[in-house]
Structures are given as structure tokens and as C-alpha cells.
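By letter and in written order, the chains are A, B and C; residue numbering begins at 1 in each of them.
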Amino acid sequence: MSKKINVTVKRQDEQNSGSRWEKFSLDYESGMNVTTLLQRIAANPVTVDAGESTPVAYDACCLEEVCGACSMIINGRVRQACSALVDNLLQDRPDQITLEPMTKFPVVRDLLVDRSFMFNGLKKVRAWVPVDGYFDRGPGPKMSPHQQEDQYPLTECMTCGCCVEACPQINDRSSFIGPHAISQAILFNEHPVGQFEEGERMKAITGVGGIGDCGNAQNCVKVCPKNIPLTRSIAKAGKMATKFVFRNFFGT
Amino acid sequence: MASERVVVVGGGLAGLAASMRLAEAGVSVDLISMVPVKRSHSVCAQGGINSVNTATRELGDSEYLHLDDTVYGGAFLQHQPPVKEMCDWGPRIIDLMDRLGVAFNRTNEGNRDQRRFGGTMYKRTAFAGATTGQQLLYALDEQCRRWEVDGLIRKHEYWEFLGPILDDNGVCRGVVAQDMFRMDIRAFPADAVVMANGGCGLIYGRSTMSLICTGGAAGRCFKAGVKYANGEFIQVHPTAVPGTDKLRLMSESARGEGGRVWVPKKPHDDRDPMSIPEGERYYFLEERYPKYGNLVPRDIATREIFDVCVNQKLSVEQDRLCVYLDLTHLPSSTHKKLEGILAIYEKFQATDPRVKPMKIFPAVHYSMGGLWCDYEKNEQTGGLVLGSPRNHQSNVPGLFVIGEADYQYHGGNRLGANSLLSCIFTGMIVAPSVESYMAALRTRASDMPTSMFDQEQARHKTHCDALISGNGDENPYHIHDELGDSMTRNVTVVRYNKNIEQTLAKIDELDERYKRIRLSDKGNWTNQNLSFSRALGDMLVLARVIARGAMQRDECRGAHYKPDFAITAPDADDPATLRQQAIKWCDAFQASNDQWLKSTVCGYRPDGDHEFGYEEVDTSLVPARPRTYGLKGAEIIEEVWNERMKKKSTESAADTQAVANA
Amino acid sequence: MAVETAQKQSFSERHHFLLRRLHSLSGIVPVGVFLIMHLTINASINVSPEMFEENVGKIHALGPLLVPVEIVGIFLPILFHALFGFQIWFSGQPNTTAYAYNGNIRYTLQRVTGGIAFIFILYHLWHMHWLGNPLGGGHFDPHPGQAAITTAQAMQMSVWRIPVNILYAIGVLAAVYHFANGIWTSLITWGITVGPSSQRVSGVACIMFGIALSIVGLSSIRAFATMDVSEPGSSTHVDRVDSSETIHTQAG
């Protein structure tokens, strides 16, 4: 019953400090997930070799994979800590579980990173429906079930950062805005009212860091915890960008 | 105009709706949230949002019936004018969300589709798959981002609210908050403060709520003098999946779309559920409530599941309490509409709920009670006077409360899919109230001496330092576990005074131990240990409000169920005796209403001996009536009650006539 | 990453999208088209040396126009495609170790094969093209009667015979992979294949095309490598110094 799990956590005290590894040994319990491990560490932050430590800082909120907070690198691969079940992780690698912060965002502390980059991307592509106001103006546009089915998966994006983390085109030497922002731009470009601002969005999409910077590695769609068809959005963005540039070149 | 500033605390549906409405009116908003607002707990709402719609109207539905279902579901404990206003706004709010781009499911003609939810006979609930809360929140998040780009909304994400700032006259002039990364403590002067801080499920340890739903902000307002009402009304959702870190909700929409709850008639039958023949299954909700079936309101469904597992000992598993929630008979098109929750179940339980019934059990889910706030009734319509500064203002002038954080709208039990409506609705209507309040303000926050803000800032800094430097022997996480255990055991579905007493004693003990806590992180950078421990102190305060409220309320109403005070249901075989029993039942019900149809309103006392008072409930639109939901065998109660009401109305008509004649 | 766009944008920033699209286009037209022509003409050696020389003659029939056509139509596009390609390569951060998905491996290979192909082209130019003459290369003589035999001799030079053949095989395969995969990604980039199923179909088509073109390319290497270079009537002495001029005058 007293089966132990080895958990190795990459720790970093502050934004600019170096990192170190700490090992924790925790009691196994069936049905555990990685957030439970972190809660257990918080309650009793004692490492295997160095003794008393501090609780590991991490982001987590809903614990059911709809809020997007708890993305981190678990056993070398980015995913949500809440849905990373310990039993599955131990099956892949029985000796230990390794937790690291995502590498594409500035680390605030330990596993907690600052994802402002992603929210800024949403501002750049103007990811919203430009309604007149919030007074009663009747219902929204009618939509076919088919259209809704296209739209719905894209609306599930929780800005978790998995796509950004896995994208080889996002790093210090590039200004790629990221798959999530492109997908949101497409969502609103395809909305009956959202499309009124398509031009504005396409300016961002065809600018520096826009669709041109996608390298078609297609990791985004593989790591997305919500199975959002990101590569479809990217291809659509390519198509819209082609049309947009031609229209701008030949029109007016 | 430009100098008016409002602080909104909390970025869930209510906080975002309020912020965007205020920004639209040209008011600058400081939006303070512990998490990026897009990660607020509203994302966890699954099933949908209620309103009367063109389809239900054809079948006889109306805003009035929505009101009726809501107050009947809430055991009549809510003031009816705000509920009426909310139900009237329902269709407009859905329209607005539709315009904002929410991906509501569609009919073949392109209209919004609706499903049925608990506590109603109408398909009122608009939905976006099984992630409606997420979709609604994102739409509001997007609008607020738009205002952020325009400069009217300033977001302060990863900032934790520490308390309101009250001036010498007790008027709220802003808030103090702490940067959760840098740990800087700062005062935010404001002409009005809107609290949209959500629920407090973490008091129960594990619940369906997010980690941020500590009740910390509510506790801090309470300690600053805001009254707390109906704390004892905590909704326990009938269908959740137990987990080591949280209890994951399985939406009521699963039943709304045809899901059935059952247990094998043979206790702990270890056969594969799919092989158990229909005749050996006990569909207890359907059998007991033929009219509403699996869609009885949550408090009833929860109690029935409890009863089946605990009293009838029919739990599916021997060492764990659970019942089946079965969706296997539904077509794949229906499974598709429920994809969001099915994926959660599959991911966390490693079983496909499309081919095998889910195992579920009730879990703490929502706080009907909350910070007290006012309203102004419109005598003509029976609803609210829109734009009245009283709407949603607490007893502290300048401090408004909305969303799950307030105590209005849901009374003793909330109907499924009404919370998304109440959150957006309160966000929408609080904006004009805040505006009127500010227009009448003679002095602004900017006129206040800076020393007042500095003092408050310093006070919180001292408190924070004291927590960090505490060097006792108590672990805050263990205290939290014990609090959660005791609250869950004694102050949830079935409540006995002697058990609640135990919990109150436990809270006393934990309070003492809390004074001796020692943080394992004494640093001054992104100290989550501090944030949690501070919230724990507030949880203890609110836990006492909840437990004391429950202790004092000797009756059964909605989610608050005390078997010792339950009125025995008529069960005689002989019709005459049965009728006698029903008459007695109605008398007892009447007496109970006379004594308890009132809201608990609690004021803070530093010694923990909080002041409990009671407030009459405005039931001017729908008089209270027995809440049987067509329970088999309880028809006689309704019969007797209806006769009594009829008689009463003829009598009063006669009285009026007599008065008129005289 | 995430650096807000400065007020002044450089030329490449202002024309970011167009340059990317030009890069995509240049890989297909003219560079890719040239690759197909080049490899199929070479493969005509499998029919007969005369056939090969006839095809070579057709190209060289351009006479004085050949050099400008070569520069504008081939050298500059390759140079642009390569240099811009290197910039793209270095703005990415391959991560196939953590995310060993097919798409990601394709992405990394696309960059590596581009690099190999470019180095090979430089070698190939030295080895065969008259531009290599001053450096002791330029073994190919396009004259009728010389073209086939000089190519074969160049491929069979003394001790270098095996390494040269291997190098050619690698170079050709790299170029073909880069081209075939480039077609696949460009179909996405231009928004022609949007959904996963169409991308799968185009993927199969590109693989088949790549295999076919590889066979074509490798078959000519094999043919030249095994051709009997001491055939009667063929000279082993090549007048390298003025070969190009002679060709021009002859063609004119």
C-alpha cells in the first residue's frame, strides 16, 4: 500500500534566477493526477535529499481541463497537469515523473509562467465580434448547425499555451504570434458579424509574426488538449491571406 | 465623468458583464482577478442558460412561469422582484450573448436549440455543447479585451483582493489588493466597488468548484462589515465524479438529454451494468417522481441518491457510494451534444460513458447564499426599478455585490442553468445602479486623503507580514483538510443539529490552531502558500456563518434538510386517514413557513459570535406552496393545499366585498 | 518573441508576408520546375547517350541568352530561396526529440534537406558547370558527342568515384525531398489543402511524386556511373577552356 512515486520538479525561485531540480517522494493513491501531486507537495514540501523546501508554485484552477491554467511540461511533453493521470504516466515511465515549466514563456516562479504573450496575440488579431453595444438589438444571426459545428471547436480554445510550447517556430528569434491567435482570427473572420473586421485581422495575419511564420510542423494540432483543428485554421488563414493580398494589390 | 473609477473584483461572467457595461457607459474600470479572467470558474458551467423562448412560449410558457419554476425550485426563499426582473430579461440576455458570437447549438433552420433542465417542464435551456459557461465567459472576455484595447478597462490579473477600503462614514472608497507575483500591496481608490467574487466551495475541501473559489474575498468583505445572507444554503449537485483533487461535475444536461439514473435492485450487484436486465434496475427518480422523472430539482435528486445509497444500501459499489448515470441508450447525435462532459469522464475515469454507465455521486456545487445586497421594487411591474442605486448595493454604501457572490435569485435551491443567467443579468443591471450611485456622490475617492489609502495598505501589509512570520506548529493544508471533512460530513445533504454542533466545535478548534500556523514558504515572491493560508482564515469565518446558519434554521427548505424537522408525509391506505394526514401536513407546512420563510442575515463580530438576524422574503408574486414535484403518494397534499387556497381566496374576496359594502 | 513592433519597420518587416510567399513560390517556380527538367533530361541517358545529348542541345540552343536565363531564372531564385530559407531555418527551434510526430520530423527534415541540397548545388556547380573551370572543376562539356561522356567521366573520376556517387545520390534525394515536401506545405500555405483529409491525399500524391522523381534522379546517376567511358569515338580529352564560347558560336 505504501507505494511511493518519485517526482522531480524543476524549480526556479525568481524570474531571473537559475533553476535547479528537486526530488520528492510521495505516497501513491489510485486515481491521482499531477495537480494532486503538487497539492501533496504543498502540504508537505520535503525533498528527498535536501529536506525542507517550499511549496512548488504552479498555475491551476478548474482541475477539469476547461480553464487552461495548469499547462506544464510533464515527462518532457507539454500538457495539462489536471488531466495527466499518474497511473498513465507511471505506465510510460515507472521510475519517476518529471515536471518542468513551459519554455516559451517567461518563468515567474517554479512551474508558473507568464502567458501575457498569448493574450496580447488575441488583441492583435482583434478576436471579438464588433457589436454596436449591449442594448437589446434582437437575436444574433441565424446559423446552420453545420456552421455551428465548424465554429464550436475553435471557441473551445482556452489559451493554455500547449500549441505555443510545442511550436518550433516560436522562440526568441521569431515573432510568430502562435497557432491559437491565428485560429481565433479565423473563428471571427468566419462569424457573420465578426467578418466585418476581417480586413483589420488580416493586416495582423499578413504582418510580421503572422501566418507567414508558420512552418507547418503541425505540432500544435497534436498537443492541443481540446483537439482544436488548428492546422485547418492555419490553412484557412493562408487562403484568406492569399485572397486578402491579391485584393489589396489589384483592388482600389 | 472621466474621473469616475469603478473597481470590479472578479472576472467571471458577472464581473465581466458588469465591466463591459460600465465601459460602454464611459466609466473606467479596474478589473481585479486572481487568475487571468479567461480562467475564471464560470468556465466550469456546462449545461446551459435558461430563458423563455419562442418555442416554449408556443407551448404556454412565459416569463411568469420561469419565475414560478425558479421560486418553487428555490423553496420560495428568494425575494421575487429581482427574480421576476431576471426572468423578464432572460430572452434579451440570450439574444445578446448570441450577438456576441456564442456558438449556441442550432436547429436545422438555424435557430438556437434548447434542452430541458431540472425543475421545469419546458425546454428553456440554450446551450453550446456541454461547455456553455466556457463559451459565454469567452464571449464576455473578448468584449472586455476590446475595451481593454480602447483603454477603458484596465485588467489586474494575478492580483488578489485583500479588502474594501471604507472611509470614516463607512462608505466604500476602493479596495486593497496584492500582486500575486511580486507581492506588492496596493490601494485602488474607486468611487464604487463591485464584488463579483463567486462561490466558496473550497470550505468543503473538495467540491465541483475551482481552486480559486475559496470565499476569501467574501470573507474579507464580511469582516469589513458587509452582511452575509443565507450562508447555510449550499447546493449539492446530484451528479459528480469523485476525484482525489476535486469532484468533477457531470452536467444536469446529461439527464436533460435523456440520461437515466439507476441502481441495480440487488445491492452491490457486480455484474457488468450493461448485462443487468431492465427489470432488475431501480430507476428510483423516475419511479418516485413520474412527472419530472430524472429532472427533479437538484436538492431532491441529491437527497434521493443519498437515500438510495445510505438508507436503502443500494450503492453500486460496496466500499464507495455511487449510482449509475446512464447515457448508453442515447443516439450518437445526443452524445455529440454532450461531448464536453463525456470527454471529461473518459479522460479522468478511463471509461467510455457512451458504452458504459457513469458512476456518480453528489458533490458540493454552488452557494445560493452570499453577501447581502439590496434591491428596489417597481410597484407597477413587480420587478425592479432599473438604475436604482439600491439594486445590488450591499449594506456598505458604494459596495455592490453580483453573481454567485450575492444571495439573491436562488433562494433555498438553484435550478440548473439559472446561474449563468443570474450572473450575466446581475452584471448587466448593476452597471446603471453604480452609475446612479456615483452620480449622486458628493465626494469622490479622489477627494479622499491619501493617508486613508496608505493606512489601509499598511494594515494589510502588517497582516501579511504577521502571517509570513508566524512560527507555530500548525500546517494550513491540514487545517483545510479537517475543515473540509467536517463540513462535508455534517453540513451538506442531511443535517442534524448534534452533528452541526460537532462541526462548530471543530471550527472553534481549527480557529485556535489557525492562530498557530506556520507557512512553509516565507519568501516575498509569488508566495502561493501565503495566499492559500490567508484564504483559509476567511474560510473558517464563513464556515462558521454557514454552520451556525444551518444550526439555527430548524426546518427543511430546499438544500437545507434536517430530518428531525421534516414533516412526515401522508402514507395511510385509508383515504379518510390519508386526507387527515395531509391536512396535518399542510398545517405543519404553514406553521413552518410562518416561522422560517425568511432569509438568514448575518453580521460579523470579531469574537466569532456573529449577529444573526432574519429578513422577511418578498413573495408578493407567487405565494409559497408545498413543494412536492409530483412525488408519488403526495398528490393528496396538493389537493388539500389547493382547496385551502381556494377557500382562502373566496374568503378574502368576500372580505373585500364586505369592506366595499361597508 | 513578443517584442512590440517598433515604429520603423525594415524592408523585410514591411514586406514580410510577400517575401514569405515569394519564397514559397520560388521553390516551385522556377527552382522546382528546373529540378524536374534537369533530372528528366539527365535520365534520358537511360534511353541513349544520343537522346541525352539531343536534350542537352535543346537547352543550349538558347545560345547567348542561356547565361542571362541561367542567372535570372535559376541562380538568383535558388540563391534567394536558399538565403531566405536559411533565415527561416534559424528562426525556428526544431524539437523533434520532445515531439517526434511525423509532421514535426518532416518540418526538421525540410530544413536539413534544404541545407544539404544547397551545399550540394554549390559542389555540383563546381563539379560540372563551366563556372567551376577556374577552380579545377567544370567537367561537363555540353558539345554533342562530348556531353554524355564528359558527365560519365566526371562521375567516375579515379579514387573519388564512390564518394562522388554517394554525394550525388544524397544531393538528389535531399533536393527531391525538399521539393516534394515543399509542394505539400505550399499547398497548405496557399490555402489549397485546408482540411486534414485533403492534406492526407496531397501527402500521398507528394510522396509518390517524390519517389518517382528520386527514381528518375538516381537512375541517371547509376547510368553515368556505370557508363563505359572508353567507348570508341569518344575522346577522353576535354577542351575545357573555351567550351562555353564554342557552344555559343555553334548554337548561333
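Everything that follows uses one rule, which is that a contact is a pair of C-beta atoms (placed from the backbone, for glycine too) under 8 Å apart; a residue touches a chain by one contact, two chains touch by 3 or more.
Note that this is a predicted model, so its numbers are computed, not measured.
Relative to the centroid of all protein Cα atoms, the closest per-chain Cα centroid is that of A.
Each chain's centre was taken as the mean of its CA atoms, and the one lying most distant from chain B is C. Rounded to whole angstrom units, the spacing between the C-alpha centres of chain A and chain B is 30.
Remark: chain A and chain C have CA centroids separated by 39 Å (rounded to whole angstrom). With centres defined as mean CA coordinates, chain C is found 68 Å away from chain B. Across the complex, chain B meets chain A through its residues 20-21, 24, 35-36, 38-41, 43-44, 92, 94-96, 98-112, 128-129, 131, 134-135, 138-139, 142-143, 145-146, 148-149, 181, 210-212, 243-246, 248-249, 340, 344, 347-348, 350, 428, 475, 477-478, 481, 520-521, 523, 525-526, 528-529, 532. Considering their complex, residues 13-14, 29, 31-33, 35-36, 39, 42-45, 52-55, 57-69, 82-83, 85, 108-110, 112, 114-115, 119, 122-123, 126-131, 133-134, 136-140, 142-145, 147-148, 151-152, 155-156, 158-159, 188, 191, 193-194 of chain A touch chain B. The touching residues of chain C, when paired with chain A in their complex, are 1-3, 5, 9, 13, 16-21, 88, 90-95, 98-99, 101, 103-104, 106-108, 185, 188-196, 199. Remark: chain A residues 76-77, 104, 116-117, 120, 166, 168-176, 206-208, 210-219, 222-223, 229, 231-232, 234-243, 245 touch chain C in the complex.
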